[in-house]
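Same chain, two partners: chain A is paired with chain B first, then with chain C.
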Partner chain A sequence: MRTMPKAAALLLVIVIIAGCGDQRILEKQGFIQSTGYDLNGTKNDEKDNRLMITVDIPKSDPEQRMQRETLTAIAHSSKEAKILFAGQTELSLVSGQLRSTLFGVSLAKTGIWKHIDTLVRDPSISQRVKIVVVNGRAHDLLVRDYPQHPRAGQYIDRMLEKESALMSFPLVTIYDFSRDYFDDGIEPIAPIIRENKKNISFDGIALFKKDRYITKIESKQSLIFSMMKQNFKKGEISMKLGDGSKKQEYLLFSSVISNRNVKVKRSTKGNFNIQINIVVKGSVLEYSGSHELSKDYDRKKIEKRMAEYIENEAAALMATMQKHNVDSLGIGRNVRNSLSYEEWNKLDWNKEYPDADIRISARIVIKDFGKFK
Partner chain B sequence: MTNTEKNIPKEDGPAKKKVAPSLALTLKEFKDCADLIYRSLPDLALEMVFFDHLTGSEEFTREIAIPFGSAEEQDVPQLLERSQFTEITDSDALIKKILNGSVALFFHEKCYAIHVYKPESRTIQESESEVVITGPHDSFVETATLNLSLIRRRVKSSRLKVIKCEVGEITKTDVYILYIDGLANMEYVQEFIKRVELIELDAIHDANMLVQCIDDDPNSIFPQFPTTERTDAAVSKLVAGRIVAIVDGSPSVISAPASFFEFFSSPDDYYQRWALGTATRLLRFAAFIVTITFTALYVSVTTFHYEMVPEDLLLTLTESRSRVPFPPIYEALLLEVTIELLREAGARLPTKIGQTIGIVGGIVIGQAAVQAGLTSNILIIAVASSAIASFVIPSYMMSASIRLARFGLIILAGLLGNFGLMLGLALMVIHLSGLTSLKSSYLTPIAPIHLKDWRDTFIRAPFWMLKERPSQSKTSNKVKNKMRQ
Partner chain C sequence: MNEKLHPFHIMILIYMNQTGVVIMSLPHLLAENFGYNGWLGVILISLVVNLNIFIISIVYRLGKGKSIFQIMESSLPRVITFPIYMILIGVWSMTGCMVIKNYVYIYQIMSYNTTHAMLLKLLIDIIAYLLIIKGIYTISKAATSFFWITSWMLLLQLFFIKDFEWARLTPFLFKGDTHFLTGGFIVFTAFLGYELCFMLFPYADNPKKFIKSVYKGNLITTLTYLIFCLICFGFYSFEQIRNMMYPLLDLLSYIRLPFIERIENLLFGFFLFTTIVSVVLYSWSAQETFARIVPKANKKVLAFIILTFGYIVAWFPDTLSEVGQWLQYLGYAELGVAFGLPLLLILILVIHKGAKPS
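Let's look at the complex of A and B:
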């Protein structure tokens, strides 16, 4: 019985010290789902280094028709913007439900690490928050109402998730970005989206040098880029197989399983010979050419041409990347792994990369071709 | 009573003063007892005193009326020599015998008693509080002797031993302590008898009352000995090497020692295929977790941890919460108390009216509370499913305890969020591991760990795997079917 007063006292202490200050009662919170960062100033006005920050908050008040709320503030940092936002809404804004951050392309060119850094630091923000570059202004994209998609933030988020599952474009989270940012021998990437008349669409892959946006890869080539960058087991690619004189043939290659490996050789002079081998297996869904896929001879021919197509496209991509000196594929990591730590430290990969001899060879295996004759 | 009087004298123990019994003394003792029957047979010089509602008329006819009816006076001493008649030399003992359903016969200066006890009894019916689908449907009744016969019929062994005690200063309720010689650990048996004999109460009305008097920790909210109305359950405890106690006047029997997890097993588990039995048993443990944490989790998530909710659920949750004027903890407590009210009302009312309660409570209050904006839809789901889950636990005592513990967790969750919830659960585990049942650990087979016992605790393994008796019973014959003499 002696424990009873103690237990009662303990409970009382809990009640008193807990207070209610820490409470975040659900319906009183505004859950920021997407944040957009833009440069406030125009290009001419270089003194204005303030940011235009936009947040998108889904709402579910049954008495209101609006399904979301957007707030915009012009501030020097995202934390400052938060104070400004607080003065605009009846909800207390919390970032624990953040799903995607959008960066305007002009801001991305000046570097985005300091913004990502604040996201990484906040423990309530998930490491799986997606990073997206907007071709245009993130503010415009977020604020606009898409009649077919009442919640813009959710629309963007779900599109990214669905498409990245099919490898149409990469899913880049805060975790991926900061890992590639800090790692030697690889540069971060991010998907780019663009505003259309009625909707939003994928616009390519942004290639960063450290945290600065350098150039982009067109959306058509994104699967080729993925083949060069990593192994994957799902995807779909449409190929245009030119046959020189004859008319062009179109082929849709689906259920793609792609494996790549990178071989690094160093010549006696110190130059690097890098060989990227890609093996792609898949099934042909659509083929408009004159060859008969059921014949082994013809099929081998088509496989060869498909391989050529991939090799050409990949070589073009590689050239672009080397030209801009962005090692988004992470070839530097393969090089690093082939060297000792000392050698790697001595090596200035940034200088070597544009001149490195990188060759790509592809092999295609058509696993099945449906009911073709 | 004080400590010096701890040892209650037994029937044959040394009485304070031995007074020779006599008719006058007996009648004086039972003065103003209108139901006492006094008969005299002057031609045989025989006088009888008894309660006719305690004695069976058939037995009375067979043992007394017929033999004495045709006898002469000189035959009487010879008749009284028969073994069913015992000569009584102590007046107190005689009175006790009469109260226990004996007929007292006075022949000249001598006094004899014959046991013709046959109390009225309810017929054996199916237990209402512990229902099984398959398996024996008979259950214990209020008459201890009948209950004993139910057990004896199932355990045809001379090793089944029965010890009789008396409890209650006024009521002198019979308590029979049963164990199987060679299986039960005698230390437990002695401890149990000691505790029963030390009870200092006027009356014991039910086994569940007795249990509280012999608990190791009377302040705990958790029951430390399971009680059952089911005969098969009682027998299974006996053959597992545990002690079973029958209290006269109560349809429940006690088993000891017990572990926390025993409250989650039902005889049904053994009558179904082992895979099914295992699944049901796991379901019960899941139900336990649901009962105790679901509402508390709702409270902590809606009050503190919006991050934990998936996006789609978050919006519907916010929507249903947005009309509720109270913080989640008040909302949850309001609804939990309502559910407890409904449950209590349903338990008190006759079955026919009880159904109305279900309709009024379930449909009217549930639906209307949401529409009136008093609670959110999702809370109704949380509260209802945790209430249903609590009824899955076979032991009514345990399920009531768990429901009570839940309130503490809800309050902690409302004050400190998930931290509070974990704190509450940790305190509960600490408390449970400190509990003992007849000085054996309450959390066996988890602490101390006995992995072999898990086969019959968390799952119900096939019978060929259940070769050993539970470690908690500390039996000297651990392996089944290998009884040493």
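Let's look at the complex of A and C:
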């Protein structure tokens, strides 16, 4: 037993000494919060395949006036850029606190998987890093200061977190993107943001084919897109209801609870008939039309018109997606799950999708209409 | 030798011995070798394990609770038992040390990237040594407390229910690019550890419940693996799992609490508890076997020799994939031990018509 204290002391010494091997001192670290990727060359200059990479680093040192540091480098890859950054700053850069990556739209068109691949591979990077497409250049958006808002990286991050909770735009993380990238029945999406004079705003949903940006969905349609894609709670949508002849009515539908299901049938010829049923419940808090919300008969009429509105908008969205051949809703998954493995393997869903017969029907339930008759 | 193991402790010991570092890559191995819905492969392998436990239970019944060494020595000449013991010592001590090295290497993907791996391994070896020299009774007590320290981690899987989708599982069963035989062997290594129950024969408190608790231990392992792999297959897409080396690490890094995120380094530390039980039990078995060859030696010295031998061998493989290779081959050898040794013992016992009354 006498050896025990000695052994314990030895153990303690070894444990403490092991800590000296890999030191990380907080004040000397630069925690990258956002990274922006852009193509360096313009369209005319296609030989230049280098990237312009920008990082946004918050600074916590109270003695310094600057709240943040931005670094830009032109390199072939993000890891090469990291080496170039190292030569520009006194901090040692680490990516453990990375929150969002921004891709310029011109780069997104050429494919972004190879950049996301390094993020997935690097164990210091969280699975929850957000992926955002910038309509314009990510560099310009990141280096600017927005006097009324926090620094760019935090501004974007907080806005995304808040708005995605309300379903106004999708929150797409590395996890979501790579999961859908590898799935054979769905294509990835990402939110698009844009730089305005005074602020940054949401600009729609980017639709990808594998890792290439193909087209986008306008921001005002994003909730309809969400209704078609998944079940969700929360969110609000403003609708313009017109019945052709009469003047237009405006309605705000809030506290939305939306459920959808997809039914796949295959005709004898081998064509697919796909039915997407959407059921939306919510409350109406603003209505500018001539009907009375408190009357059951009138309310049913309004519900019907709202359903028509959603069906029309959804059909238009569906047509766009089929035209560009992007299955962002993941209908391919439902088709796959209705087939046997051999049938699915034989089927070229890419070819079938643009011509598939996809119908959308919606049912609206106005749960309540506020506290006033 | 007076202290006996309670059936509950045996159950926990078996479970803790089975789960180790292989769980890190288990979903990936299943997807790669069993194809779509490979998580169900866990059940197939578990059935084979049950068969193996059944074979071991025959040895136990025929041998009337005698230790495997007594059975062998009662009828085999020393010329034959000596090489068998040497093989057992070699396989068990090397398995123990490679498991640690594997854990250390995976840990170094995340932190202490440039610290010398063997220094970290030495730290774990010291803890292991302190446990081994205390004997099986203390080991099983420690394993039980480690079990309670780590069992809450199963609840972490609740984090993934929100993003779990049955649609991702697909209706295809074991389809795609499959390698049932080689894959089955590899996945089997994730279950190894139960076979060491034949070392526990003389320590069983309740002969009737002994084998039952081994079955139960394996059942807990199977359920843990099954739920964890099901979550992975519904949380990630199939091709994605095939491309992920350590799905568990990715899962851990996805967890975010309201006040903290990126806690995977902390959580990964807890896996040391399940890993160290495997190491300790394998090294303890090696030490017990060694004591049969040199009965007069001090057991503490033997444990020290075994760990030192393991430590030296562990210098050789230099990369994570090499360690994986070594572990795989050792796993095959252990598989041979798990099936071969009980069969040999049954043969001896049948020829001798049961154990001679001692």
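Criterion: the second predicted complex is superposed on the first by the 354 of 373 C-alpha atoms of A that agree within 3 Å, B and C clash if a C-alpha of one lies under 4 Å from a C-alpha of the other, contacts with A are read in each partner's own complex, and residues count from 1 in each chain.
Following the convention adopted for this analysis, a contact is a pair of C-beta atoms (placed from the backbone, for glycine too) under 8 Å apart; a residue touches a chain by one contact, two chains touch by 3 or more.
Since we're looking at a predicted model, the values are computed, not measured.
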- Message: Looking at A:Ser106 after the superposition, I want to know if it touches chain B, chain C, both of them or none. Which is it: first, second, both, neither?
- Response: neither
- Is A:Val94 touching the first partner chain B, the second partner chain C, both, or neither of them? first
- Applying the touch criterion given at the start, work out whether A:Ile14 contacts chain B, chain C, both or neither, answering first, second, both or neither. both
- Task: Examine A:Arg179 and indicate which partner it touches, taking first as chain B and second as chain C; both and neither are also allowed.
- Result: second
- Message: For A:Gln154, using the defined touch cut-off, is the partner it touches chain B, chain C, both, or neither? Pick first, second, both or neither.
- Response: first
- Thinking of the overlay built on chain A, is A:Phe31 touched by chain B (first), by chain C (second), by both, or by neither? first
- Message: Taking the superposition on A as described, I'd like to know which of chain B and chain C A:Tyr341 touches: first, second, both or neither.
- Response: second
- Query: Does the superposition put A:Arg128 against chain B (first), chain C (second), both, or neither?
  - Reply: second
- Task: Please indicate which partner A:Gln275 is in contact with in the superposed arrangement: first for chain B, second for chain C, both, or neither.
- Result: neither
- Residues of chain A at both interfaces, chain B in one complex, chain C in the other: 14-15, 18, 22, 96-97, 124, 126
- Task: Using the touch rule from the top, collect the residues of chain A that touch chain B in their complex.
- Result: 1, 3-4, 14-15, 18, 22-27, 29, 31, 33, 58, 60-62, 94, 96-97, 99, 124, 126, 154
- Within their complex, chain B touches chain A through residues 219, 301-307, 309, 311, 314-319, 321-324, 327-328, 412, 415-417, 420
- Note on the structure: Touching chain A in the complex, chain C uses residues 36, 109-116, 119-120, 122-123, 126, 130, 163, 167-168, 170-172, 175-176, 236-240, 243, 249-250, 253-254, 256, 261-262
- Item | Touch list for chain A against partner chain C, complex | 7, 11, 14-15, 18, 21-22, 96-97, 123-124, 126-128, 175, 178-184, 330, 333-334, 336-337, 340-341, 344
